[in-house]
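Pasting a structure below so you can have a look.
Just so it is clear, A, B, C and D label the chains in written order, and each chain counts residues from 1 on its own.
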Amino acid sequence: MSIFIDNTTRLVVQGITGRDGSFHTRQMVEYGTQVVAGVTPGKGGQTFEAVSPEGKPVAVPIFNTVSEAVKATGANTSVIYVPPPYAADAIFEAASSVPLVVCITEGVPVLDMTRVYPFVKERGARLIGPNCPGLISPGRAKVGIIPGRICAEGPVGVVSRSGTLTYEIVYQLTRAGIGQTSCVGIGGDPINGTNFIDCLAAFEADPDTKAVALMGEIGGTDEQEAAEFVRDHMKKPVVGFIAGQTAPPGRRMGHAGAIISGSSGTAAEKIEAFEQCGIGVAKRPLDFVELIRARLSMN
Amino acid sequence: MSIFIDNTTRLVVQGITGRDGSFHTRQMVEYGTQVVAGVTPGKGGQTFEAVSPEGKPVAVPIFNTVSEAVKATGANTSVIYVPPPYAADAIFEAASSVPLVVCITEGVPVLDMTRVYPFVKERGARLIGPNCPGLISPGRAKVGIIPGRICAEGPVGVVSRSGTLTYEIVYQLTRAGIGQTSCVGIGGDPINGTNFIDCLAAFEADPDTKAVALMGEIGGTDEQEAAEFVRDHMKKPVVGFIAGQTAPPGRRMGHAGAIISGSSGTAAEKIEAFEQCGIGVAKRPLDFVELIRARLSMN
Amino acid sequence: MNLHEYQAKDIMRSHGIATPAGDVVTMPEAAAESARKFGGPVMVKAQVHVGGRGKAGGVKFCKTPDEAREKAAAILGMTIKGLTVKKVLIAPAADIASEAYVGIIVDRERKKPVFMVSAAGGIDIEEVAATTPEKIRYHAVDVRYGLMPFEALELGFFLYTDAKLARSAAKVMQQLYAAFMATGCSLAEINPLVVTPAGEVVALDGKMVIDDNEVDRRPDLEALRDADNEDPAEVDAREHNLTFIKLDGNVGCVVNGAGLAMATMDLVKYYGGEPANFLDIGGSSNPEKVVNALRIITTDKNVKAILFNIFGGITRTDDVANGIVTAIKANPLTVPLVIRLTGTNEELAMKILTENGLTASADMDEAVKAAVKVAAGGVAA
Amino acid sequence: MNLHEYQAKDIMRSHGIATPAGDVVTMPEAAAESARKFGGPVMVKAQVHVGGRGKAGGVKFCKTPDEAREKAAAILGMTIKGLTVKKVLIAPAADIASEAYVGIIVDRERKKPVFMVSAAGGIDIEEVAATTPEKIRYHAVDVRYGLMPFEALELGFFLYTDAKLARSAAKVMQQLYAAFMATGCSLAEINPLVVTPAGEVVALDGKMVIDDNEVDRRPDLEALRDADNEDPAEVDAREHNLTFIKLDGNVGCVVNGAGLAMATMDLVKYYGGEPANFLDIGGSSNPEKVVNALRIITTDKNVKAILFNIFGGITRTDDVANGIVTAIKANPLTVPLVIRLTGTNEELAMKILTENGLTASADMDEAVKAAVKVAAGGVAA
């Protein structure tokens, strides 16, 4: 089992002919994801060529609009690789047609997100991102840009606000022989569609997930709320890490959301929340391996 | 029993110091309605004088905002007598604080209502109107402008799109000794907060209501949908009337909603829907008396 | 409030929609001059607030300035559905590759502005809706979010398979939506939306209807009104805060409230008469309104009897009685008057009427029957 | 992106907010001239992108033009929190009856713009929030509907009991909200909002921070940037699509991805070192980026070792290796270099480095430990 995506995922790629979209579509197809459609307005009727895990050519049909693509192919998930000024519209379009939308685009204005967020909720859709690496359920499907070969099937759920840091930790877990049910990058922006709690709840409900690794960052209070959720609603063990312990206040550390405002959003208060709520604290990425291993062996 | 308003109604009047607001507030208080607050920005702290049914002076406190009024008095219903350009904002304000909002104002732009409608729904509030006479539950409370003395307590629920036509019919019923549980004017505008079906469902659920009188008009398809609802979901008898049988197509008959567009919205098709769905058809207002009487005696 | 084609096009142009330049003229010679200026074939189009101008002969294609003068002379002064043509629009005749339809109305069922678009434009859209409904696509706009770019593009692709045209059409959708909202419309329509041989998407005809409730709060919209092109009695009534619609019967009706006014007309018909009008004096009971109502009704020479039907709620019936007395003292009536009054201050009203030699009934059916009878030549009640 | 006070006020003024006229000057004599023009006492205010100007001595009250010249001379060239003051704003000193605070921020928890208003203005709002939270009212705006008039008025009445002042303040709320949305802000603030003795509501100081993501798509906003008032290395980095923040340590870090960059800094600290910077080369692996990153880092004389930490996902590690080789061939390094590379094309990258006399580790902890050691004066790895 896994969360959000699996073998039944039928993916439409918005911006399939763009630089990032085309590269990652090939990667996703190669990983075995069922990419059933692409969307690029004006290229409807063309096809996009990729190669299956078995080395066979795959021709993905391209449509002008998401609604056409969904109608023709039964897509149930969309991934968005369009430039920031058009990303909000792409999310609106996707959420109008499919229940799961993954937006990779970095640089979406936060005021756009104040409109996107209620829209997606009203539609009853789930948005992951924006500004995220997407997600992967090893051996089943990947949607986004997480490198497939660093992952392995196994019992750990991974959820993170950042991209390459997630890869680092997943890679270390995999090298140590600890595989994953699903790895979800929720994104580093101040407003995103899916938060830690959504993922923790899904992992708690997933029978195959035995432990969860959570990578937070400075900024906001999502990690504190996640910690309370772990304390109040989770039976499964959780190990957490906070990036940005050395970050100075008032400076945005790359991610639009990674900023310590006044006295709030510091790594120290998040780590304290973890400790108080029974979350194992990894002081450095490498610590995940032993902390997770210990918790898995307790089961 | 009654629908929407009764002895527990605690009313705040928006625009209490205006020409219409002050007149009708006195009428409502005199009828025995619990008018607990008024709102006129800038007159907060003053009081509005009225006279109770027992002839005693009543001092209604005035507030600057609805939220203050609700906080101080526990008001649970608002009635709006403010000029059309401000009516939409008054509805937004009311729906943010109380679950029942009655807007009397005539002339609210329909594009304002396209924003008001989803807002009220999101808040889980009920809006009656705009451009309506409000409602009355004889012997319990009146909210709006329906003259109290033409009504009497009894077993008939009344729902109507128009004002004085309703008075006419209620008056004829009352004169014939047939009283009412509640009389609701839902208003004559193309977009209003509460429709026939909402009221029919409430009357069906109200144990004291034994029959329903429904006054429709040309324009739209609300009466047709109401007829289907009566057929599919109501056990209680309903008698209906359609005003505008002689109205020419394409001309708006006073009410913004009373217009026959193309071949739809005619009185003939509405009357046919009534007949097909088992609604007794009053050919003229006077016919209500005998049609209702016959149905009440069958119980 | 209906706008003329040229006014609708001006508004659309100000929102960025491409629409051919044209001149509005009132004299045949000016039409010829305008045609000369455009230097090619032109259309001469009657500017009246009714549909079906074309079928009525109000739209003509002219190859030369002389022809434009001739056709303009024929159209100016023409009567279309009761309205006299006082202005014509002279616009260059367009070379058309395809014709589509784009319209927005406020839909009462969905409670939203709804786009209707069809590649089968140029003709009556109601006909398309009735005969080939699959050729129309409807799209309801959630005004909280506005028309989203992807929605506009979906509509564009419904009209054109070519991506460039679809994008141009999508832009027109956005612009028309902006114009619709900014102008407080209940309807905005481009029919036809054409593609020129050069591949441009152009609005060849435009129609807008503004919500009267918006006009009330916005003087800038009131300035667009062409009272010249409306029934003078209706204009007169509106200026005195009365709602009046002329009909073809002989029983003049004065009623308070729109629903009761319609029901009164219906009852006139029920008893074998024909109403001469819809007239709602509204909720306030200023005697002056009654005076104006009587003045307007009596200008209709078809009226053979006048029926008052007043249910006093907010309206005080004594005010109405005073208004009637004042009006007929100033201008004695030449047709019989039947009065029904009940409700607020009914007794006082009856007293005022009696003192002035008038009688009244408290019963609606009785009064309507009497009015129908006297209008048909019977004796006054 | 931070705006200067005078820029924020210009934008507020263009949205209708009353705010005193002022002159931005760069020379003391011009300050005196401006003060002469205003003809009364003035404020001389440093225009720098940091808070706490007042406490740092960057805001002064001056009674005469001579005093304005003197104070301007003192403030111009002053360094506040590392930034040199190059402009001062000269504005008439206002006679103040009361001071309030009005701010809007995008709140990540509510996912909406949130108003914060307080009658206790003129001082640090975070202090008010900490000590007397009941003096602040928060109001989240649903952007689908915008700030509604009744909401603005509620906020107005929270500030002032007088209805006229409350209405004036409500108008300011609407205008500030409009400015906030139109300018793509993440913060907009008026502190203080004052009432003049004449009863006018005026913005005496204004602050705006624009969302960098908005700046990226709107050249009109980019034009407001004052690169003069930012760290030159950070400006340089931004112009080359790198995210760089200077810190006080001695281990220069080059990392791909913000989260990994922060984790790398943290690990430097964990092993007893101090990071000299945050530097994210992003997801794309153009060798040119690596060249620029090295150039920017090596301008910092505190840097005693440079650490690369690259996890190749989208980023191709061979591109990074090529960038390193190119950069050090052009400008040989004067400090030791420690490289950690793993992921996409890792073997090719290792080969490129080895051929050029460089070594690399695949292990993050090992590399960080080595970098800390050499920076502290140990031997290069």
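By definition in this document, a residue touches a chain if its C-beta (ideal position, glycine included) is under 8 Å from a C-beta of that chain, and two chains touch if they have at least 3 such contacts.
Computed from a predicted model, the values in this text were never measured in an experiment.
Using mean Cα coordinates as chain centres, the one most removed from chain B is D. Separating the CA-averaged centres of chain C and chain D is a span of 57 Å. Centre-to-centre spacing of chain B and chain C amounts to 28 Å, using the average Cα coordinate of each chain.
For the pair chain A and chain B, the distance between C-alpha centroids works out to 51 Å. For chain B, the set of residues that touch two or more other chains comprises 115.
Annotation for chain C: residues touching 2 or more other chains are 144-145. If each chain is drawn as a node and touching chains are joined, the picture fits none of the line, ring, star or complete shapes.
All chain pairs that touch, listed by label, are A-C, A-D, B-C, B-D, C-D.
The residues of chain A lying in touch with chain D in their complex are 23, 84-85, 107-111, 113-115, 117-118, 133, 145-147, 150, 160-168, 171, 188, 190-191, 215, 217-222, 241, 243-248, 251-258, 262, 267, 283-286.
Residue ranges of chain A in contact with chain C, taken from their complex: 41-44, 64-68, 86, 89-90, 92-93, 96, 115, 119. By the touch criterion stated above, chain D contacts chain B in their complex at residues 145, 148-150, 153-154, 157, 163-164, 166-167.
Against chain D, in their complex, chain C makes its touches with residues 144-145.
For chain D in complex with chain A, the residues that touch the partner chain are 106, 108-109, 111-113, 126, 142-144, 181, 184, 186, 211-214, 216-217, 243, 245, 247, 255-263, 265-270, 275, 278, 280, 283, 311, 313-315, 342-344, 364-365.
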